[in-house]
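Which chain is which? They are A, B and C, in the order written, and residues in each are numbered from 1.
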């Protein structure tokens, strides 16, 4: 087993990182906000933590916390003005935010610019491994499980169903939306901080629009009505490129070299036929009548 | 109720995870290419050696300069020295945006492996190929698989410097030697003493390019154009800037573009207004092709204003696509695709016959790299060594590579494990790379 | 900063702006009618260019024939896109964001298929596909092709305006955009109008792709991604759903780009575009030229 872990330790840890990222976008999706800045939040966490462990010799955990806080802080400063927006306007604004962060990193020489930032090049090695990643994933999952049924969770649900109605009912919509956005950024920041210490090198290209889309795909494929769906989507979609290696070459077309076709087809199938994600299938397989009914009979989650 | 649901969910998740990773391991196995002449199982057991000796014609390998003397020292007969195969993991980009580089490398490696395994003596190469897809994450995964699953003794690749910066530390930590054959950025071999490369770095090629261009073109002032958000282009531009300053050439202005850009007309128009003696460009192959066309045709940069390109321009494909707009382009390189030494001539002829197009520098460096590994394996004498010992032995043998005849010329490594051979400065003439005279 | 380049740069801005505007029209038309942000539009832009290149270089067609055929194919792909990605969601009354994600999925598939079928390299039209004619007027160089591209895109824009303002189809499109329910009550066949809208929008996107590919003489699977971000900025600046807004904003973005290179340096080119995007979103979310906010949210 340890041999198996050694041969795949990075991939296994990456699954965990992606699961944390999927949770970070899940929280905003759960109140019908589409945020495309999670990759940028991940970058802020990654670069902050990396600078602290490498240049100020901090230990891993304080650096992870600092990375998460920094990411949350940036999201708060930015979140306040853009939370007035909704729907596609919000999505486009967060997309712009993500690009601006990436362009900023490219232009900051202290962060290595486009050439990237190297970790652990000297004698000191501060690294993360699967243990840390899955420990944190469990903690965050526990947080989300406790959140269910809480005041915040109910408020977010109400906002998702109908923002105006929620406002009429006296829910402070802006407060909860900012709270969800900042929580998502903090979670993404944690993922970024750990990710940087799993690798010995990070660069702005690791946190581009492509990653934002990947993370969205994780959450949507798994299902956005429950946090477990996000984790499930991340696991499946991260391992997808590995699984499709067995697809043969047909008629000279090496389709396995184009994994995005598979992700696209899966994403499309899910959004068309399983609006609440693969989790719906898992739940019905488990024959748990009550929640499954509730999920399916529910107004469709957005998205 | 809720608790129970969570548990069943996580059981399902872990099962899924395990299943998928096992599938991965099997998928990888299928990609393993065992050379046809390989007779016995892969591990270097005594039985393997005996079996292999049986079919070997003894020691015609003098041509290859086998260091037979190491054999007796280890108490092994010379004939067995070449019997233990070298297992090599090749990590190249064969899918996605940059597959053009990796496919060229893979074609050259396959040719070299076939040649080596067709020899009557010397160690065979057992090749495992994996695609890194130009993604650093995937490069790390591939390295881990090579090291722990395939138990390779040495890794060649990965294609891009950005991938190498992510994946090479994995090999360094595990004590597995890596030979980069296309990484040109600074800092790659600083990762550790297991990291080698046979590709000349930018800091080795660009100084010569600028020096010769200055001498021949009497440059006094230039403009610099590069992709700021691309590591390859940016680090090339940094070296260009330093060398231009060293040579007392004024940089009037710097213009940048983004990797995703496809239109450079605005920047080139601004450059034209500066009226420079030359335009120095650091860009990947795709922008390079468009920049040449837009500069010469659409913006109308005078042919007397030279364009000096970084390594991205160093590709017959770019020159072919750019057509007459590439005339006069000056590029420094590690290898000239029209080189006329014997080894290169044979290589070009064979490669062209096989692939329907001539080799580029990527192919030449990968081809030479395979022979460098072969040479190291011969001298390392792998027989009877544990995997860890074999890896260290290969690293030490790589270090001692001395004046090995390759298509890149007589090859040695520097003390810092970089390639040690002079660059060539080329100019495009009638659609072909010529030596700048 | 060297102001001698200014006239040439302004001209560059107009030429590239005309293609941006044409591209953004398709975005804005679909958003105006269906409230869908169709991120697959960039993939159709790319496919239009790729198909025209394939017809010319592999089939030996003349560009004059390949252009309309490729535009029509792009339009048909738009209908396919609607049937596959949006129809079911529409029938179900799914949220706006579901359609956005669905369009991302189709975009992944289209780009992947293009890589699979046409390889990933940067393609060029064969020499002589269009004449290389240049006019040098003083320090300014004008390319005949750019003039043709400008004329074609202006003609398509005027054509679209005429179609929307003056024809019965245009009236139906405007009615559906205003209120699908009311339009249905008035006897408009909504599904038919949506199909026609997708055809027109995607044909314009395909045409923009072909003109873009001709202008740069380079066509590749990833060519949509950069234009996509510009297109988003344009429809925000111009006001979501506003046709004249998208045209003006297209030229405006072209100008912002060249002027940021002239005055600020090319390092800041993309940053300028995003800052403009942010400011507009925060200060005037209905866009500079828009009168009302879309039905978003």
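Here, a contact is a pair of C-beta atoms (placed from the backbone, for glycine too) under 8 Å apart; a residue touches a chain by one contact, two chains touch by 3 or more.
Everything numeric here is computed off the predicted structure, so don't read it as measured data.
K.L.:
Could you let me know which interface, A-B or B-C, is made of more C-beta pairs in contact?
P.N.:
Answer by contact count: A-B.
K.L.:
Let me check something: if the centre of a chain is the mean of its CA atoms, which chain is farthest from subunit B?
P.N.:
Following the centroid criterion, the farthest chain would be C.
K.L.:
Measuring from the mean C-alpha position of subunit A to the mean C-alpha position of subunit C, what distance in angstrom results?
P.N.:
30
K.L.:
I'd like the Å distance between the centres of subunit B and subunit C, where a centre is the mean of that chain's Cα atoms.
P.N.:
39
K.L.:
For subunit A and subunit B, let me know how many angstrom lie between their CA-based centres, rounded off.
P.N.:
Computed from C-alpha means, the inter-chain centre distance equals 34 Å.
K.L.:
Among the residues of subunit A, which ones contact at least 2 other chains?
P.N.:
Touching at least two other chains: 103, 107, 254, 257-258.
K.L.:
Which parts of subunit C, given as residue numbers and ranges, touch two or more other chains?
P.N.:
Within subunit C, the residues that touch at least two other chains are 115, 225, 267, 270.
K.L.:
Quick check on subunit B: which residues sit in contact with 2+ other chains?
P.N.:
Only 96, 99, 228 qualify.
K.L.:
Show me the residue ranges of subunit A that touch subunit C in the complex, using the header's touch definition.
P.N.:
Residues 32, 34, 81-82, 84-89, 91-93, 95-96, 99-100, 103, 107, 163, 209, 213, 216-217, 220, 253-255, 257-261, 263-265, 267-268, 271-272, 275, 300-303 of subunit A touch subunit C in their complex.
K.L.:
What residues of subunit A sit close enough to touch subunit B in their complex?
P.N.:
Subunit A residues touching subunit B: 3-4, 6-12, 14-15, 102-103, 106-107, 113-116, 118, 120-121, 145, 199-201, 203-206, 228, 231-232, 235-236, 239, 241-243, 245-246, 254, 257-258, 282, 286, 288, 291.
K.L.:
Spell out the residues on subunit C that touch subunit A in their complex, using ranges where they run on.
P.N.:
Listed in rising order, the residues of subunit C that touch subunit A are 31, 37, 84-85, 88-89, 92, 94-98, 100-102, 104-109, 111-113, 115-117, 225, 229, 232, 236, 240, 267, 270-271, 274-275, 277-278, 281-282, 285, 296-297.
K.L.:
In their shared complex, at which residues does subunit C touch subunit B?
P.N.:
2, 4-5, 8-9, 12-13, 16, 115, 120-122, 124, 127, 132, 134, 136, 141, 143, 212, 215-218, 220, 222-223, 225-226, 257-258, 261-262, 265-267, 269-270
K.L.:
What does subunit B use to touch subunit A in their complex?
P.N.:
2, 5-6, 8-9, 12-13, 16-17, 20-21, 23-28, 30-31, 94-96, 99, 131, 133, 136-138, 140-141, 144-145, 147-149, 162, 165-166, 169-170, 185, 187, 190-191, 228-231, 234-235
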